[in-house]
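Note that chain A is present in both complexes that follow, paired respectively with chain B and with chain C.
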Partner chain A sequence: MHVWDALSSESKIDFSAGENGRKNTSAIAYMTENPNLTRALLARLESLEPISSFENAKVTSIDLGPPQDSPGTLNLSSYPHVTTSSSTSPLVARLLIGADGINSPVRTFAHIPTRGWDYDRHGVVATVRLASRGGSHSQIEEAPKVQDNVTAYQRFLPSGPIALLALPGDYASLVWSTTPEQAARLKGLDPADFAAMVNAAFRLSVVDVDYMSKMPSGQVDELAWRLQATDVPREDETKYPRIIESVQEGSVASFPLRMRQADQYVGERVALVGDAAHTIHPLAGQGLNMGLADVASLVRAIEYSVSHGGDIGVQGNLEAYESEMWMKNNRMLGVVDKLHKLYGVSWWPVVGLRSLGLGTVDKFNGLKGWMMSQAGG
Partner chain B sequence: MSTLLAPAACQLPAAIRISTIGSNKAFTVLHRPPPKYKAHVPLTNIERGALAVGSAVISLVHPRRGDLIATLGETTSTPYFIYRLRDAMLSSPTGRRILRDRPRVTSLTMSLARLRTFPPNSVGRAYASWLDRERVSPDTRDNVRYIDDEECAYVMQRYRECHDFYHTLTGLPVVVEGEVALKAFEFANTLLPMTGLSLFAVVRLKKQERSRFWSTYLPWAISNGLRSPEIINVYWEEELETSVEELRMRLGIERPPDLRGVRETEKEARKAAKERRERLRGITVA
Partner chain C sequence: MALRHTSLRNFCLLLRSQPHSRSTSTSTPRSSVSPIELSHFSALASSWWEPHGSSRLLHLMNPLRHEFIASCLTSHPTASKHNTKSLRYLDVGCGGGIFTESAARLPSTAKVVGIEPSREVINVARAHACQDSMLLEPGRLEYKHACIEDLALPQKVEEQFDVLSLFEVLEHIEKPAPFLAKCLPFVKPGGWLVLSTIARTWTSWVTTKLVAEDLLRIVPRGTHDWGQYVNERELRGWFGKQDGWGRDGCLRTMGVVYVPGLGWRMVERGESWGNYFFGVRKD
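Coming up: the complex of A and B.
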């Protein structure tokens, strides 16, 4: 993984698997596309019996149950009742897990407030196809092809980081955090100009990137001129991602970037996981990892209740999950938020200090190993 | 010195030697990298510093040495300043067009015969008559040699070749006094250190001229230089038929007080003051 700062040409950090402390691993982290994850989850659900799943259904309301009719009958007044569009009678839950995203209806139902702020930034995502390095020379083809598309690249531009994460084959996943106006302009570009713009964002100076991102069209031509006019040392070609050849049709999308942390992760018969509990800036790619860690922790808490004959929905039994994850997630949210703010500054003394800091960290393999173990989950 | 350095340099591992030659950051005089453009002379930091100091001192003693002023301009433009100016050009649509087209101002590209036929108040005509009056030609400008980045070298070249247009635009004459005022304007506008260093030439002005510089021309230069957009981004080749007045309006530049007129007025004022003083002395004596 190669990370560098657009405002300071010398400032970079490299992470590679096998550095001190992580000798037995072959990769820092793996990228997977959402459809793969969804498929695996569905396959797992099918193997578990009996599980009811409701397809093509929408939750229409979540309420507490009606008050007890008369003494001696079942009292479900403190149980969440979920009404869906496909069933007539509500589902009564002993434990309702909200994994329903940043605007979580479950969280609203449980009256759990969230704190945080919106970054004035949007994340532009796309799947792109990479060209082979240095054209199709025979000597290049002899080089081990497997090694060619395994490095992740991230460059910190003043408006936000742009990252390219390797996917199988010649594909890569793009995440570009930028201002809402620029995100709108990027989405409006034609595919060739969009690809040129991404190439420019990794290779050209901040001034060029700013200028080109404001052009309504013609980025292809502009990039060709700037690449030839800019002094890019040839031997450093591996410091940049491969040239992006094309953008997968319909894959360009954007979403607003926010930071949120729910005051509580659990309530009476309610638990929140993933984005419903916390939302993070994507610059460190931690959103999914944090959600997965939530689930693992919640499963442990539930297992404990079950094996000890407890009620899995009682808040007291769920608190093990919250006490394990809340502070941990809060720390990660804080670190990523500060990184975003640190790299949002263009004032030269700050740029100098952060370059010094990054350069120092780059020299300590042990520290980098620890950081990788934190980031890789 | 070189005999002392030679053995040490030979002992460097090959990889290190190659890497130092590859970058333009550090090399010894024994391993000078090849030029990056036609007139380029790659310099070590020590050489660049020595040239800067030397050219600064001698050009202060001999202000007519344009070559030394050019050298001073190039050797003091890095780090930072020439890159800043290049980025200013890259931020403007016209500036980008100039960098892309790379127009050069020479007697071939600027046909003086044609410019002389333009309307009297046009930029082209004013430029031609200015060249005629000063008996200079666009070809008297040296090539940039000491700036390592090829594009930045062009930016310096462009600044140099457009300097005569700045005279046309501001109407400042080429006497040392006007030249210093124009350099102050350029400094406020381009931030190039040489233009700032040239202000030391103010010590060579007469007392009267110096006070005029401090009270009138320096304030004019600073306020106008800072207020107007980067004049490096003016595509002069496309403005030849524009009237000087209109261009000045567009750039938000006020015409400075006419230097000759000011000189006349000051002279009269001085005379009047002298008479008054003498009258006063006569009264006190009486």
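Coming up: the complex of A and C.
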């Protein structure tokens, strides 16, 4: 993993496997595309017998159950009743798990407030195809042979970080955090210009990137011209990701970037996991990892409750999950928020300190190891 | 009894300090429970299931009760695994049903009977069980407004129980020995009598008498009958004299300590500090 700062060439940090203190690991982290993960999870669900799933169904309302008919009869007044667009009668939940994202309807039902703020930034995502080193783009002749597409690259631009994460084959996943205006412009570019813009963002100076991003079109030619004028030393070529050849059709999207933390993760017959409980700036790629850790912790709480005769919907039996994860996630939210703020500044004293920061971290393997084990989840 | 502040009530419960006095009057000739005890628990009835109410510490302790019972059931050399619906429980002094409900939910349970002398409290237990369809399955959970003396003696082994539980009951009983004797016939051969209570030690005297009554005044002076607490050694001695109990080392004790911030913890050989579990097997 190679991370650097666009405003200070001194400021860089390299992570490689084996530094994270784990024995026998050959990689810092693995990247997997969301559709692959989703497909595998759905296949697993299907193999578990008593699970019913409702496809293409939207939750339209969640209400508490009706009051008890008469003493001695079943009383479901504390149970959430979930109405969906595909069913006629409501689904009655002993425990309703809200894994329903940042605008969680389950969280709204449970009256659980959240705290946080919106970054004035959008995340532009895309899946891109990489040219081989020294391949089709003549500017980069005979670049040294390096390990195939396994390195992650992240460059901090003043408007936000741009990151390219390796995927199987010649593909990579792009996450570019930038201003809402620039995100809109990027989405409007034709695919070739979009690819050129991303190549520019990893290689050119901040001034060049800025200029090109304001062009309505013609980034392909502009990049070719500017790269000729930019002297990229050969041995430094591995410091940049491979040239992006094309953009996968339909993969470009953008999301507003926000930071949120729910006051509570659990309520009576309700538990929140993933982005419903917390939303994080994507610069460290932690969002999904945090959600997966939530689920593992919630499962432990449920297992304990079941094996001790507890009612899994009762808040007291879910509190172990909240006490395990809330502070942990809060710390991660804080660290990533600080990183975002730190790199959103182009005032020179901060840039200087920043370069000292990354340079210092680069020299201490222990600290790097910690950061890597966090990023690897 | 008029303690309003929840944390004080919690503290009070932690110390097992429900007001009880050695009343000379008796409720019914057959009852081992004094009317003062009864009215105290009736007053607490409504808060039994409040998550932060006066019974919070009992809710928190409940999982450990199951762990202790499981350790008892598996300790005998001939113990078989109870995976299927096979175990029958009698929960004596079941209160609002904290343990009773949880026992009824376990997959290894066939039936649970909870008995409780306070009408208000048993009604709370009955009403609460209505919140779980599983507990309403016919034959799974039955509540009786009764003392142990009111139950008909079992005539055959199928009417007896694999586990007879007395959780936080003994310290409210004026004469524990005859009360325990009345419980014994309900246990199946190979079954267990399991209880939790508080020891009469200098530590429990300091926490319940000196601190709670004299220094903090969170309970009225004279509330506790520290002299009524029962020590593990006394129980061990008493059961040693009963024929047909506790052979093959099947008499087990375990201290249980509340650590603020951590919760209840089982502590081996901690039975003389305060709260403890005690289990004994019928041969």
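Everything below uses one rule, namely that the second predicted complex is superposed on the first by the 364 of 377 C-alpha atoms of A that agree within 3 Å, B and C clash if a C-alpha of one lies under 4 Å from a C-alpha of the other, contacts with A are read in each partner's own complex, and residues count from 1 in each chain.
The rule is short, and it goes like this: a residue touches a chain if its C-beta (ideal position, glycine included) is under 8 Å from a C-beta of that chain, and two chains touch if they have at least 3 such contacts.
Just so it is clear, the structure is predicted and the values come from calculations on it, not from any experiment.
Once the two complexes are laid over each other on the shared chain, residue contacts for A:V207 go to chain B alone; chain C is not touched. In the superposition on chain A, contact is made by A:Q68 with chain C only, not with chain B.
Looking at the superposition, the partner that touches the larger set of chain A residues, chain B or chain C, turns out to be C. Contact with neither chain B nor chain C is seen for A:P256 once the two complexes are overlaid on the shared chain. Once chain A of one complex is fitted onto chain A of the other, the partner contacts of A:P168 are absent, as it touches neither chain B nor chain C.
When both complexes are overlaid on chain A, the residue A:G334 reaches neither chain B nor chain C.
Of the two partner chains, chain C is the only one that A:Y304 touches; chain B does not reach it.
Those residues of chain A lying in contact with chain C across their complex are 68, 71-76, 78, 304, 307-311, 314-316. Note for the complex: chain A touches chain B at residues 205, 207-208, 210-211, 225, 229-231, 233, 235.
Residues 22-23, 36, 87, 90-91, 96, 99-100, 149-151 of chain B touch chain A in their complex. Taken together, the chain C residues at the contact with chain A in this complex read 51, 59-60, 62-63, 66-67, 101-106, 126-127, 130-133, 136.
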